[in-house]
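Listed below are the structures to be examined.
Below are two complexes that have chain A in common, paired first with chain B and then with chain C.
For the complex of A and B:
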């Protein structure tokens, strides 16, 4: 009886110790690998926003593995399709966290969809770095777990445009067209500081994204006699407004936000070259897509995906956007040291500040800052040639708790 | 706002409103002719309009067919699709379920099928413009600037509406359709082939939607969601009177002008609300619509 009691006691103590050891082991981390979960729209109508972005992130992780990994561990990734749909995205995140047991997440190309996963990620305390989604709704108010806007924060889009209009074009009165939704409110809010500092008067018209007839908002803006028009809308209203400007003989500068078109070729097809005589477009990367400064990224893609690269629609426009979030993840893991924990990685992310060589400005997080990029360049486009203009224009917007 | 500016806004608002209103009027006409004869609001009308636009885009831009082939081919495709939908789907649904609500649900089903089909092709992923067949040079009417394309849209829409009114009033087929709308059983007793008549009506509503798509597509960019414009046509039909063909036309022009006036004199944010506000006002003050005749109450 006594011996049995000792054995039972030892077994229980051993079990407890094993349990504690298992608890100390970070999910997805072994001696040889760190498992991360990647997700993005790999199919469906929004595939263009993320398919090649995911490919770019994967090829960067493959390169890191080829170069020896991080503190001797390889990055092992599991990829899920979120179709840019909130339900699919949350399901993908749950699968990666609960079934695949990943250490951290790197995914999401569509803002509305990533916001849906916010509560789950915070509740489960999983470090999450977005891909190219701006995802401001999930980034602010800041949490300890979610970092993103590597492309650009919606809050920063309009401010950088105001800065460009004031500094490069000498505009004093700027017509500002945004959407009458949350995104429109965010980018307008972010623009006010830059307008104030530059002494620019903003004349604002907010339109519904489904608007068919833009005569009324355009006439009202023209009546304010602006020095430039900023179009901070999606592709369809932007093209309608550019067409209307040409129809009504408006010849002042028109500046289109980065959200205003996914394809400049398609824009020319929709509005005609004559409408682009005094036209500028915003770009969040260091160069225009396919430009010289981004050549190494495109070469890397060709080497990693020769079959895809041979197809006419690849790499997709947003492909390089996949590199900076992957760089951020790798840097955070490196900074977390040889025994990474989620807490160490999150601490490293909160002070991260680096130049990706891909995006226009430095990528910076901070105690309250969860949106990495606030800088853009501008390109003069006449329907045929793209001429990047000198200067990087950064929004002054910073998050302030209300 | 000074008086001079207000006058410019007024003229421009009316001119632009008449152009967009003429397209809403065409779509409202397509909705009303079906409702008058089938008692079914066709919720797929917007998607028929959208799909017809994409058929034309595919033939003209991607297949580079001549426009004299594209136009009749698009109209024919819209006619056949709608006539066959009536014959194959709706007749079958009507046979198995007597309640009209099932027919309405079938039209909703068609709307999803058409939108899904266009999305599958990939053409609907990015906004595309159908090439304008008329120059887009501007001309001044008073102080309002309109393009030659705008004038062509307005003129064609009015001509098409006039042709349909003539057909309904002065041809045997048109009279038969009106008889079906008034009393289908009596119409059948005097020799009207109900099945053929319904197919013809649904086919013609498809043709009207296709004409509307061909007219407006060079102005509004095409996406798989462009069928949402049908809400404005429903608003036009309700404002004008859901059972009145002239009412649908007048309603279309009213909605087009109200949209512009609200945008110019109140707020751009309110443009999308304007049609629904117009519906509310009409339903409160004159539930049968402006041209809806006497209000009748059905005994149940």
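For the complex of A and C:
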């Protein structure tokens, strides 16, 4: 009996010591707090992509802390400016990991810059959730440590558009205009499966993002007599193509990707209302920016940042994008249990599947899936009124190792 | 008032004072011992600063020594990065040779640009080299089969024999060594007959010609050497960084390097080195104050131009002399 008691006592002490040692090995985790590193463009010309996205993530963590934290621990965040620049982003990440000893990372609004940190993050085995960067270059081929595309994966942008054109507009032949670069190749690759399943014929024309005259590619596409045109481009080629379509009397549906404009008002200014008679735009959120379904997020922002909210240009368009990655991080920490380790958090992330109430579709990761969002809604826009259409359209693209 | 071309051209040698030597020795000791007492983040910044030191030395050769205006430095740097990374990846060239290959390719392109530059001066030369820089950024972003285009290029870890460089601390001794090597090379160029020719051409092409200097050749060589040094800096970048994106090789990088050289002191090697370190550190420190960094950055630049137009080190030297002479 006595021996058993001693053995039990020793086992308990050993267990406690091992537990303490394990806890001590986890950077950024104390009894009272879990330290995370946030980074985004807080200055410079790309600030509009991330400043309020970072603010949204911060306000969500503040709300979680106010509600009691995660398993009794508060979220303590350290924020760094990455200037949307690869060198600065890597500096920010290294500072957060090596100097601030954060448990995990949540940041990045610019896809090109986040890829620069990929090798470092993988080598150091730090769980990393992007903010609003698509970051496909860092997500695929999948690693155990990097999760992102909460806004949408480039691979899914075109596919969701094909789904909409086929199901809502009954299109059978679709003119598909993408860029002649890697992003264009990615979204076309993702669209092929949706076209095949829906029996849609894609007539593809790839243009340079800096194109000045779109007459030739447009005439080529019109000759194919498409039922709809999908513009999977940036703002400049998109505006030129919409204007050209109006000039040449093309009156079939034109569907613009989420990457096609940051401001619909600016688009109207560039192309005129007459060009938008049969026009649809893609949206990755559950509603148009500032719409009723997103009102709680905007109210939360006003309460958290009254001074900023009073300024005319705030909240910035992408502000709500900061909430889903923060939700994902909190959920992963909750699922990791009261003694979180990086391995437990990563395991939780790999099976994550939830509705954020902010983005159009469910946010899902999987054994090979590292891009959270593949769904969008579509909005009919006539230059004045935005009318979200029913239905959520999800790309069928999934990663397949080559 | 102004010195003669010959006098100015031969003014490369300066004797360091005792305190300056002590300061340099202390800085050298600090640089060598840095990894022992600091984090990988600090070492990453140090590595980046050392790369910028070499970039500034390159620009110093063409602007400071030779008096030609170049706005294409980011392009030569980019050529060095891509060429060394691709040489390392494609033919598994040992990394020091890959770096030399990067420098060679950049140097050859620099010679070509230098030859074109013979017909141009001042603002026209600046615009022409700016156009070349922009064109090269377009090439980096669109030559998919070679540069991986807008995806950016993953750089394989550098290898030195059996040693594979996988961290900033591992890379640091090599980056430091190559930086010191390039400082030595630049000093040697500056003190050589070629360096004197550079400065003679800078001061007066007519006087230089009268002294038998081949002005055209000198100008082309200055461009080539400057580009080669920038290309070598690109190779150094690949020692600790595993990814390059064309966005990092635009006009902003050229302006940053130009600012470093001007703030440090145009025409002085110490100025190029000091400008890179001081302005690189300021830029990193200002990352902590994102709301104000553009204003502070601009303010510092204006103050430098107003009160230290000949550069940081000349300004400090003048103040020290004033204190010594009790003024």
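In the analysis below, the second predicted complex is superposed on the first by the 378 of 402 C-alpha atoms of A that agree within 3 Å, B and C clash if a C-alpha of one lies under 4 Å from a C-alpha of the other, contacts with A are read in each partner's own complex, and residues count from 1 in each chain.
The working rule: contacts are C-beta pairs under 8 Å (C-beta built on N, C-alpha and C of every residue); 3 or more make two chains touch, one makes a residue touch a chain.
Values in this document were obtained by computation on a predicted structure and should not be read as measured data.
Q: Specify the outcome, clash or fit, for chain B and chain C once both structures are aligned onto chain A.
A: Verdict on chain A: clash between chain B and chain C.
Q: Please work out whether A:92 is in contact with chain B alone, chain C alone, both, or neither, and reply first, second, both or neither.
A: In the superposed model, A:92 contacts chain C only, not chain B.
Q: Mind working out whether A:270 is in touch with chain B, chain C, both or neither, as first, second, both or neither?
A: first
Q: When the two structures are overlaid on chain A, which partner does A:206 contact: first (chain B), second (chain C), both, or neither?
A: The first partner, chain B, only.
Q: Check the residue A:25 against both partner chains and state whether it touches chain B (first), chain C (second), both, or neither.
A: neither
Q: In the overlaid three-chain picture, which partner chain does A:42 touch, first (chain B) or second (chain C), both, or neither?
A: A:42: touches chain C, not chain B.
Q: Taking the two structures together, which residues of chain A meet both chain B and chain C?
A: none
Q: Which of the residues in chain B end up touching chain A in this complex?
A: Interface residues on the chain B side: 5, 8-9, 12-13, 16, 20, 119, 124-129, 136, 138, 145, 147, 220-221, 223-225, 228-229, 232, 256, 259-260, 262-264, 268-269, 271-272.
Q: Residues of chain C touching chain A in their complex?
A: 39-42, 44-45, 48, 141-142, 144, 148-152, 154, 166-168, 241-245, 247-248, 284, 287-288, 290-291, 293-294
Q: Which stretch or stretches of chain A touch chain C in the complex?
A: The contact residues of chain A facing chain C are 42-44, 80-81, 83, 85-88, 90-92, 94-95, 97-99, 112-113, 115-116, 118-120, 123, 137, 181-183.
Q: What residues on chain A touch chain B, complex-wise?
A: Against chain B, chain A makes touches at 45, 48, 180, 205-208, 210-213, 215-217, 219-220, 223, 235-236, 239-240, 247-249, 262-263, 266, 269-271.
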